[in-house]
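In what comes next, chain A is part of two complexes: it sits with chain B in the first one and with chain C in the second one.
Presenting the complex of A and B:
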């Protein structure tokens, strides 16, 4: 979760159009989201990059499995965090 | 971190890719190159062995560029394989190999390069297509199809990456005397040249001229374009 919060700090600073709150229930994707589609792309790319820096693992988060799930793992910060955890465990 | 301009060239061990490495390192660029087989590093040049369609290897390469150079100014998607054969004699193995290198590889490198370039809100991507696309050359069904896909990628990605200040263009060379056409019979090459407005083989200088045009700082308004050599029209 801390990785995502760090990215959100940078993100809010870089993109003044957004102010994403650092809470587990903040909606990132789907109904009620603050981000437009490009903002979402930028956020996910920034999370991938931060993960690579901190874990040394290169993940592509938006892969086929993630996109075809009925409940999107990108829905909230909490679901994204769980998803990242599971992907990191898969890879290790 | 590099204060010099950084360029990544795929398929840089031999042929046009090698000549591009020599030309741009000679101009003071920091060049990173890659190919399946190894090649010597030298001043201004670093070589990485990888298969351009191996997603993990490609992501690791970009992670290295980000950490060690801190930037990427230009990507040249030069790596390519050809298959000159009648479609009835083309194996699935050949089909996969050509599509993996020419389409999957080009896509992966464009995607990862854009992630790195967008930080600096500038970047140039040059892809390699071929005159075999507009000439619809018989005997090159898979090769021409894969390079037609490169044209589509170029045009779509130009739109997607424009807001990041990244231009995406392609060059469509005529045959150039490299390993890629060594196995093609002379009469086939002669037939092809007859279909060009200017009926000769391309040279490295012809390619460099277009490359330099796309990379020129004044070409920031040029994107989604394909320039075919020899007077061939798209």
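Presenting the complex of A and C:
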């Protein structure tokens, strides 16, 4: 979760068009979101890069499999965080 | 007979400089005698007209003379330079040469016979017409190289009309349509072929100074290197009248800087492809990317934003690929263009187009912006697949001096956001210390991956 919050700090600073709240329920993707698809792509890539820096593991979060799940792992910060956890465990 | 118009010129210009090679000047009289020498030599070696001859060489006095003698002998010539040495076996197995003429670094020629007996319909067309041929390998970025077969007679026809006589550096390569074009332009007009042993900025610029070069035909990548190194400040380049650039899109920022550094030099864009030859072109001005293309023997049309060309000097076809021509002879260049009346502007290869959520991004326009930044030596932009937007824009940047990575990347994205629409801004910026161009001084982009 901290990784995501760090990224959001940078993100809010870099992109003045968006202001994402640092709460587990902040919607990232799907109905009620404030990010457009371009903003979302930038956020996810930034999270991937940060994860790579911190864990040394190269993860592609947004792939076809994740995108086609019934319950999107990208819906909120909390679901994204869980998803990252499970992906990291899968890899180790 | 094939090259009479050239040899008559050589006779006329016999006291003039024809070739400069390794600080030695060779006159047209020398060249004429040398062509005659090789004409006899080819006869005595029993090379038959229509035989396929690889000419392993670079621009040198004997390489030029023997090329002319082979054309006159109606050989099918396959020029190869050292830059494609790693592909030699592949090229041989495609072109199936009967002979190899190798010109070594001392300009000495050796001949060897290969056990091929090539039967290709296009070779037979040339043999039946008793015309010399030219085989060039197109430097395709993906897959097998394509062997382009030309009738040398239709290439030579272009040079029969007298044009301005110039002294030029042979920057473009001997086995490339651009290099062939420079060579015949110069020989047909009594110009001087000034060769260089390597293509470093200092070598090329010192050659311009020493031999009072008037024309530099080159690529945007090389011009960018000259500007960045500021090597131009160390040489007297006052002889330079014309710089031509082609082979890849010119970043607008590079062109503007070039014009500011060389305000009295005509800076002109050239346009051509191995498959159709070099078109006549006229840039709107020295600092404009808009140009008129066409000229005698060429027709152009734009279909769905893509340039198509019909040319008298078109190749016969590929040896190893199906015909790319439409039934009525048009060739799809796969170059996307913008049109404004008579003028066009090249946007980039359709294969390099990046599709971000349905919106088009051409690498060159993003590169042009990033290139303006202080600490950027080189940049190449490419697409990467992404399930959300189809593709995302990525940039690979070579910094001039070491800088804190994160800050530098942040700075690049910020600069891009203030200079272009948001979908064009690179989502990923990677830093590299490698050079990002080929032996032809052409930018090497990672191939865009498309989403189907």
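FYI, the second predicted complex is superposed on the first by the 92 of 92 C-alpha atoms of A that agree within 3 Å, B and C clash if a C-alpha of one lies under 4 Å from a C-alpha of the other, contacts with A are read in each partner's own complex, and residues count from 1 in each chain.
Going forward, a contact is a pair of C-beta atoms (placed from the backbone, for glycine too) under 8 Å apart; a residue touches a chain by one contact, two chains touch by 3 or more.
Quantities reported herein were computed from a predicted structural model and do not represent experimental measurements.
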A:62 touches, of chain B and chain C: first, second, both or neither? second
First, second, both or neither for A:52, with chain B first and chain C second: first
Which superposed partner A:38 touches (first chain B, second chain C, both, neither): both
Dominant toucher of chain A (residue count), chain B or chain C: C
Partner chain(s) touched by A:88 [first = chain B, second = chain C, both, neither]: neither
Chain A residues contacted in one complex by chain B, in the other by chain C: 38, 42, 45, 49
Chain B partner contacts - residues on chain A that touch it in the complex: 38, 42, 45, 48-49, 52, 58, 60
Touching residues on chain B, where the partner in the complex is chain A: 55-56, 59-60, 63, 66, 115, 118, 163
Chain C-facing residues of chain A, complex: 14, 37-38, 40-42, 44-45, 49, 62-64, 66-67
Footprint of chain A on chain C - complex, ascending: 356-357, 386-389, 392, 410, 413-414, 422-423, 427-428
